[in-house]
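Next up: some structures, all given as structure tokens.
Note that chain A is present in both complexes that follow, paired respectively with chain B and with chain C.
What follows is the complex of A and B.
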């Protein structure tokens, strides 16, 4: 398999504090890598560096074999999605999804076709004319996904995108994302602090702790690692079951 | 009932001074103990047309100065406030922005005057604009500063990752979202400049006759009818702005962006 993203020996400091230390990561094409980490572990900084919103102090980033150094965020074809949907409040659902296509001056007919197709995919066709404040949290997040995916980015960076949703909506969104990622051949880095979500969402798993990253070759390897927290979780549910 | 009374009270408190000024501007010969002026006609308003009255000229000088100050402050303040809001020294710059209001504009004018004299700006239209800008600009920063927040920064960054250039992001994201803040800044600064007297009088040194300067001249001459007449001109633009402000600030957002 070919790698879409390669990171080699990446370092980042804020003042005297080291945020990321010797980060090495590789992501295969059309796969989702879950990055598990607690607050302040440096996972958001890592995503922002990949997106070009922060600069690295040292290291190399390659996207499809091409060096990303000195490339502006708008030249990278990498979309960064935040925990909040961050829909543009002055645009309706349709126009939010069409935003990236309009920036690229795509033909209006093509935009209409692509956006309507995306709305169908997201099961949001009947909400196309609604403004962001008329949509629920889950619906806003769907539109946010559509807005990112419609421009067919080479890489999608998701920073705890379901963190603000309730458990039921979160489950539905996880299913939707997995389905879309599979259908649209998406390569993504999915950051979460939730162990179960990391396992559900990722084809591969990595763990980021105190600025250092450990990428597991397979999910099995992750389950076997006594510090991954998986065994603890299993023991907990067994205990509940026995009681 | 109380709510209605308060509403009427508010309307009367706004409407009475305006109606009173209008009546005074139409009056002539108002001697004690008459309740109203002896004559009520448009003779004072004809004064506006006289070439030596210079009231119309003062009106347009004021309008020119206020528009320039409002446009410069609104546009430059928008850009600088963003740098300040995201700066590590945000609080320090904000303290600096409050200084003109702690000192008062007239004291600022006294401080500026020396530099304006040596640069030859005293008594000039440009000098008054620059002096007013120096006082209004920090106010513009104060108005804008809370508009730039972490969420807006994230929205701006999102636009970049979606492929938007700086100009596209400004035009399609920042500008539509900042419309209300921009209008608020423009209207507030226009009003500050429009009613400014002390600083304008000092830096203009009598050569730049704005409407407020004319009003004070008529008041000191004890010519209440002409003072009322120039006051009527003085309240025209603010009332127009108030109307536009009400129409535009609460407008329904457009839902479509232009390709």
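What follows is the complex of A and C.
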């Protein structure tokens, strides 16, 4: 397996506070790595450093073997998605998806074709003309995914993208993302604080705690780790079942 | 039962609020319009002799009213466009300084000046015998005061435009500076930059469209506000072309009493034009006057 992303000995401080220390991470091509971590653990900072929106104090970041040092976010071909869908309020659903393609000055016929294809994929074709304020939270998040995926980034960074959705919509979105990621051969880092979501979404799992990252070689290894929280969860549901 | 009572209470307070609005806002405005209409058609007024469409015909088919409307529109649009250019440049360049410190306070100062006072200041500053002209003369740039360009009481309304821009720009700076934060523009920009947007694209495809769309209603209302302004064009404008409010007031309040019905006809026609424009904007986009979105 080839690695699309490699991070070696990465450090980040804000003032006197160390946010990330000795981060080592590798992501295989066309796989999704779930990053579990509580609030303030440094996971958003890590994603922003990978996207080029924050700078690292020390360490090395390689995308497809190429060093990302001093590369602006515009040059990285890495898309960072926030928890909020952040659809551009002045553009309708179609134009939001077309946004990245228009920036790259792709031919308008190709844009039409790609965006319509993406809208079909997302089951959002009938909402193409709607403005963001006419869409539900789940629909906005779908368009947000489509907008990111249509430009075929080398790496997708998702920062708790389903955090603001209700349980049912969240489940549907997880399925949709998994399906799209598989079909479109997406490589992604998926940050969440939800244990179940991390297991469902990730081909691999990592845990970030107090600025330090532990990446498990396999999911099984994660389940076996007594500090992963998996065993606690299983015990909880067993207890419920017994009652 | 309790729910019914609550609903009744809510309805009552809502109805009372609506009645209050009608009594304080709608009725006086409507009464004024009805009175002006009757006056312009000759039904009321000491010198009127009964129903006539003469005044309306004179206004509608004569050129002074339309010249005033066009001149007011030109002054308003130019003032607002210049204010937008200046305010957006300031709000986007001085983001941090506008959040705290001396500049954030200083920005509110021009808002304290009434239009009349600002117009007077501008007169002192920009007239041929004003401060700038004298400064130029003392510095040897001008050989006589009369060489200073005509910025006051001029044919192009430059003095009116400069004064309006000085008064409006700080308001827009505060509006855009607050909107930049409340609309999460920084996050949109970061997101767009990961899509590959250059600095220019961030400005033209993200920041400006979001700010201008969100503030579009305010901008249109300001155009209407400047079109109808009175004190500044009265002090800094000239007899011809006149801005619409000055032209109407001159008809109603000055010299020839037989012009009063024409003044009323002008005011009604002006109101009708503004209402038609607003209705057009509304029917083109029903959400036009909605300020809240779920986006």
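In this text, the second predicted complex is superposed on the first by the 243 of 243 C-alpha atoms of A that agree within 3 Å, B and C clash if a C-alpha of one lies under 4 Å from a C-alpha of the other, contacts with A are read in each partner's own complex, and residues count from 1 in each chain.
Here, contacts are C-beta pairs under 8 Å (C-beta built on N, C-alpha and C of every residue); 3 or more make two chains touch, one makes a residue touch a chain.
Keep in mind the model is a prediction, meaning the values are calculated, not measured.
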item	value
Room on chain A for both chain B and chain C (clash or fit)	clash
Chain B versus chain C as contact partner of A:108, first or second or both or neither	first
Which superposed partner A:132 touches (first chain B, second chain C, both, neither)	second
Touched partner set for A:164, first chain B, second chain C, both or neither	neither
Touching partner for A:184 - first (chain B), second (chain C), both, neither	neither
Chain B versus chain C as contact partner of A:62, first or second or both or neither	neither
Which of chain B and chain C A:99 touches, first, second, both or neither	both
Clashing chain C stretch [against chain B; choices 20-28, 38-46, 56-64 or 272-280]	20-28
Intersection of chain A interface sets (partners chain B, chain C)	51-53, 72-74, 76-82, 84, 86, 88-90, 99-100, 102-104, 131, 147, 151
Chain B-facing residues of chain A, complex	51-53, 72-74, 76-82, 84, 86, 88-92, 95, 99-100, 102-105, 108, 129, 131, 147-148, 151
Chain C residues touching chain A - in the complex, by the definition given at the top	183-184, 187-188, 190-198, 201, 205-206, 209-210, 213-214, 287, 293-295
Of chain A, residues touching chain C in the complex	51-53, 72-74, 76-82, 84, 86-90, 99-100, 102-104, 131-133, 140, 147, 151
In the complex with chain A, residue positions of chain B that touch it	151, 154-155, 157-165, 168, 172-173, 176-177, 253-257, 259
